[in-house]
Amino acid sequence: MATAAVTTERENYLNAEYGIKSWLLTTDHKRIALLYLISITFFFFVGGFFALLIRLELLTPAGDLVLADTYNKLFTMHGQVMVFFFLIPSIPATLGNFLVPMMVGAKDLAFPRINLLSWYLYIAGGLLMLLCILTGGVDTGWTFYTPFSTGFSNTNVTEAGLAIFINGFSSILTGLNFVVTIHRMRAPGMTWSRMPLFLWSTYATSIIFLLGTPVIAITLLLVVMERAFGLGIFDPTRGGDPVLFQHLFWFYSHPAVYIMILPAMGVVSEIIPCFSRKRVFGYKAVAMSSIAIAVFGFLVWAHHMFVAGISLYAALVFSILSYLVALPSAVKVFNWTATMYKGSISFSTPMLYALGFIGLFTIGGLTGLFLACLGIDVHVHDTYFVIAHFHYIMVGGALMGYLGGLHFWWPKITGRMYPEAWGRLSAMIVFIGFNLTFFPQFILGYLGMPRRYWQYPPEFQVLNVFSTAGASILAVGYLLPMVYLLWSLRYGKLAGDNPWGASGLEWTTQSPPTTFNFDETPEVTWEAYDYEHIPLPMEVTLER
Amino acid sequence: MSAHVISTKLYVTIWIALMCLTVITAGVAFIDLGPFNTIVALSIATFKAVLVVLIFMHVKYTSERLTKTVVISAIFFLFLLLGLSMADYTTRLLG
Amino acid sequence: MFENLPLWPARASTMAGNVDLLYIFLVLLSLFTCVAIFITIVVFVTKYRRRLDGREAQQIEGSVLLEIAWTVVPLGIFMLIFAWGAIIYFQERVLPRDVAEIYVVGKQWMWKLQHVEGQREINQLHVPANRDIKLIMTSQDVIHSFFVPEFRIKQDVVPGRYTTLWFRATQPGTYHLFCSQYCGTQHSGMVGQIVVMEPAQYQAWLTTGGAFGSLAANGASLFAQLGCPTCHQSEMQGRGPILSEVYGNPVRLEDGQTVVADDNYIRESIVNPSAKIVSGFKPIMPVFQGLLNEEQLNELVAYVKSLNPPPAGSVNSPGIAAAETKPQQP
Amino acid sequence: MSDSPLLVEHPEHDNPALLHHFATPEQQRNTASLGMWLFLATEVMFFGGMFCAYLVYRYWYYNEFAAGSRSLDIWLGTINTVVLICSSLTVALGVKAAQLGKRKQLVGLLLATLVFGVAFLGIKGIEWYQKYEEHHIPGHSFDVSDIIQNYPQIHIDPSHSQIYFSLYFAMTGLHALHMIVGIGIFAFLTYYSWKGKYGPEYYTPIENGGLYWHFVDIIWIYLFPLLYLIDRKPLR
């Protein structure tokens, strides 16, 4: 098989040019996507390593594995690396970069060189973050709350702030590229109502990139300037309001949660129709709910601040607005479920991830209602309940979506199939490990265990042991795909152009695609998810 | 969109208007109008900004709705940030 | 084994039952929704599993009616949850009348507590059961958060101003006091105990540590020591306003505004006197910012409040709720 | 320019300025224009964070903001506003010259813009130097006793004054940074205009550079009343 592959290998974006320069100076969106894939995977394992140390420390109530200072740095850097250097770029910068031009039927993104610049900005920010970690780390928590970050922490706050500042520009430019590409580069016939839902959610994500990221950039810049010059904008001893920082921070950082989850929703909206062989149920509702999430996401930020000392009336306003953003999320879950009705469902690896996504996201979303609810939030705020909730969204949601998408488009990206049995196994391991890790934390939180605690009262130990055990399983679940996906690069069987019998322009080209994606600009005459007219490949039919 | 060429005369007229408005806004500041000082100053600034956006930046002459949409959404989200933050600060006294 | 795995902490305040009731309602609602969705999915994926008989999927476009239904129905439920949660939040934030006050100062990494009667404690707070207690809290460095899981209450303690919190303990016993806002190296060591005692026991406890003198008495001597009486005399001739009966009453300011003199107002008037000048006076009072620590400030505030003829202590008209914050801060 | 070899492979593109992944020059121009407008939208939010802080503290510390605003030189501020408006005119006329293919006129107008831009920064520099001499720059030597003496009618808290000046320097500083970037862009554009790169067929960079310049102008149009004109009325 493998030898035959070498001889018949067609020209594609991977073998079009060779040499390190052809990669580092490429403007091909697909190559840039791979550059991102490698770099975010690196940061994922850096952040994951910190997570593992955190869980090990929490195995026992006493602070016995690492020092308190070290522990504080661990959870800070875990948060900063995972949020800013893995989750936010994860799907948009890898799958988005690879797929957006192909899905609209274009040769490349609107601004290929700016796309490369984005990656270099990401790397510059990433290197600064690494430098910050290696020279002692930072201990403010990923939230940088003032006045601790401005006046009290004597760790590398400035470096971390600047790293995230630079990385922010990478996000902004990526988002800008996507919006412009979707507006301007669509192939003839690719109307808005024919766009795959992945494009809709990427578009919504990009809106948040464009309008939210600048605010955190300036906020972190003010923190850095306050440290450097003693400005006093957030300093209570000078009359500044530390709560103002929280307003500005969450104005971006709450929508940032939707930056992480929306693309995963897009991935799931591709996978479920494909493995149900059906047009997605309620296409318009799913598409519009993405936009609604992006817009409503900007209205709810102060639900992170119900006990921070904001006014009673502001709390009421933000609480009621918070429920608005739950609606489009619920609509999506219902539509995905309905899509499976009378379908022809197969349990391929991507589908397992997508099903896992729905399950975990549902739990994450429902517990979000608890946090939007004023009466409950006062008790569970800043406890492990919050930790569990956002890990259900960001790891159970975003990461499951990312892995599902990676498996789904792996044949397109590399031209090879991964071993299906291993794929399903690791999907199961991730699902089980995840629940074991984070479900006990809901109970821990309601019992009152505060977050960011290096040591804790002994009565919380049992649940923490469950959690740490789950984390070990989860680690295996993440390492496995790393191994077999790499293995498949060499030994995987050749995928063919459309192994799943999927809809979408990206499946009409060869795998891996050529440098310009399409030999001729395609003309779209069919609706999205037109599964009635797409034959299922023979091997897929027989395999099940 | 960009094929539209605007006459030099219009540009100069707008420029003169902007200059006059600058002088007016600086002059009015010296007259005690109570709280209206701020309102007048910001109204003039907004009027100037609108002139620049519509004429100098050609938004009036573009056939594309998209440009206008982008401008309006940027302003809208800016007001979300300012408005919802102030919703906290203006009501803290009340509770 | 599961005897050691409770699902919620002890209910030791009047608030706990209310919060738990809403929580249990939400848990049941979530459970119901989850089970409904999961069962639907499981039924679909088993019933419509791809088979070799070659049966094709049946294309279904969608249904506007369903979309409307599953938007409107959740919205209705959400509004119910919102209203319920808001009611509880109001109860938590709006103070009852006639509360006993305790001053709280958070610092890296301990809780300092001052009873009006003069007792001072660190990381341990003794309170009587069945009495409404109001905590007047501030921080001398970074943001902390006062969290008692058994009472279901939490409030951030913000430097530069007072935030308040109230509770009514129902069960004598010892409960956790956590700092729940990350505050630096020993954040997880900033823990303590709330000791709830029977009122009689509490009275006895109060008399054991009276060496300090009451908070107001300490405030009075500090007041004299700082030379305040030179200006703040008891008759009209003083260069500063008369302080008796200031607390809790509206004060007319130089710029025409009227503010109610609450804890934050008095605090600000000490550390940054000229922020709000009382009508008819000149901004001549020296600034005490940085000269007094938070505990001394609390003593002065308590002293000014004690000048009111009894019954004092309650400024808590519904308009001025728990977190008395003001636009102006020291 | 890693795109250029690709152009050779696609001989159907006879317009050298047309990048390989666009079908028509029209599409390319519209794309660039949309990109620029979106970028300006992000800039609005970037300054928006500071405007939010400004709004909150002006609401809290009006006296200090009023006194701080009085201590700025309104003449220099007004002159700078005039300078920027003039530069906006030259930019707008420059775009027109490019549209009509008048190369010399274009170069002249861009040079004029550069001169105005540098003049603005020069005046800004003078103002900052004054503030430095008056010890109004936040930091250890910050001292506003002169402002307090000048306005005994208004009570001024020095630390709140520092917030005003912090915002003043942060806002004008970031604006000046944008000006510096703008001057860099325009120097680049002037050079290539002189080389004759832009004409009626291809003037997108001039147009987009102009949009950026006008945007920076608009920011100043707001900074001027917000920072200089808070309280200029005669003292009671």
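Order as written gives the chain letters A, B, C and D; numbering starts at 1 within each chain.
In the analysis below, contacts are C-beta pairs under 8 Å (C-beta built on N, C-alpha and C of every residue); 3 or more make two chains touch, one makes a residue touch a chain.
As the structure is a computational prediction, the values presented were derived from the model and not from experiment.
> More contacting C-beta pairs: A-B or A-C?
Between the chain pairs A-C and A-B, A-C carries more contacts.
> By mean C-alpha coordinates, which chain is most distant from chain B?
C
> Taking each chain's centre as the mean position of its Cα atoms, how many Å separate chain A from chain B?
That gives a centre separation of 37 Å.
> What whole-Å value do you get for the distance between chain B and chain C if each is reduced to the mean of its CA atoms?
Going by mean C-alpha positions, chain B sits 42 Å from chain C.
> State, to the nearest whole Å, the distance from the C-alpha centre of chain B to the C-alpha centre of chain D.
Here the centre of chain D sits 15 Å away from the centre of chain B.
> Two or more other chains in contact with one residue: find those residues in chain A.
In chain A, the residues touching two or more other chains are 183, 211, 215, 237, 239, 241, 243-244, 247-248, 251, 311-312.
> By the touch rule stated above, which residues of chain B touch at least two different other chains?
66, 73-74, 77, 81, 85, 89-90, 92-95
> Could you list which residues of chain D touch at least two other chains?
Counting only residues that touch two or more other chains, chain D contributes 30, 34, 38, 41, 44-45, 48-49, 52, 56, 59-61, 157.
> Can you check the complex and tell me which residues of chain C touch chain D?
272, 274-275, 277, 283, 287, 327-329
> For the complex, which residues does chain D have touching chain C?
Answer in residue numbers: 59-61, 155, 157.
> Across the complex, what residues on chain A touch chain D?
25-27, 106-108, 110-114, 172, 176-177, 179-180, 183-185, 210-215, 217-219, 222, 225, 229-233, 237-241, 244, 247-248, 251, 516, 521
> Can you list the chain B residues touching chain D in their complex?
Residue list for chain B touching chain D: 1-3, 5-6, 8, 11-12, 14-15, 18-19, 22-23, 25-26, 29-33, 37-38, 41-42, 44-45, 48-49, 52-53, 55-57, 64, 66-67, 70-71, 73-75, 77-78, 81-82, 85-86, 89-90.
> Give every residue of chain A touching chain B within the complex, in rising order.
Touch residues, chain A against chain B: 183, 211, 215, 243-244, 247-248, 251, 298-299, 301-302, 310-314, 317-318.
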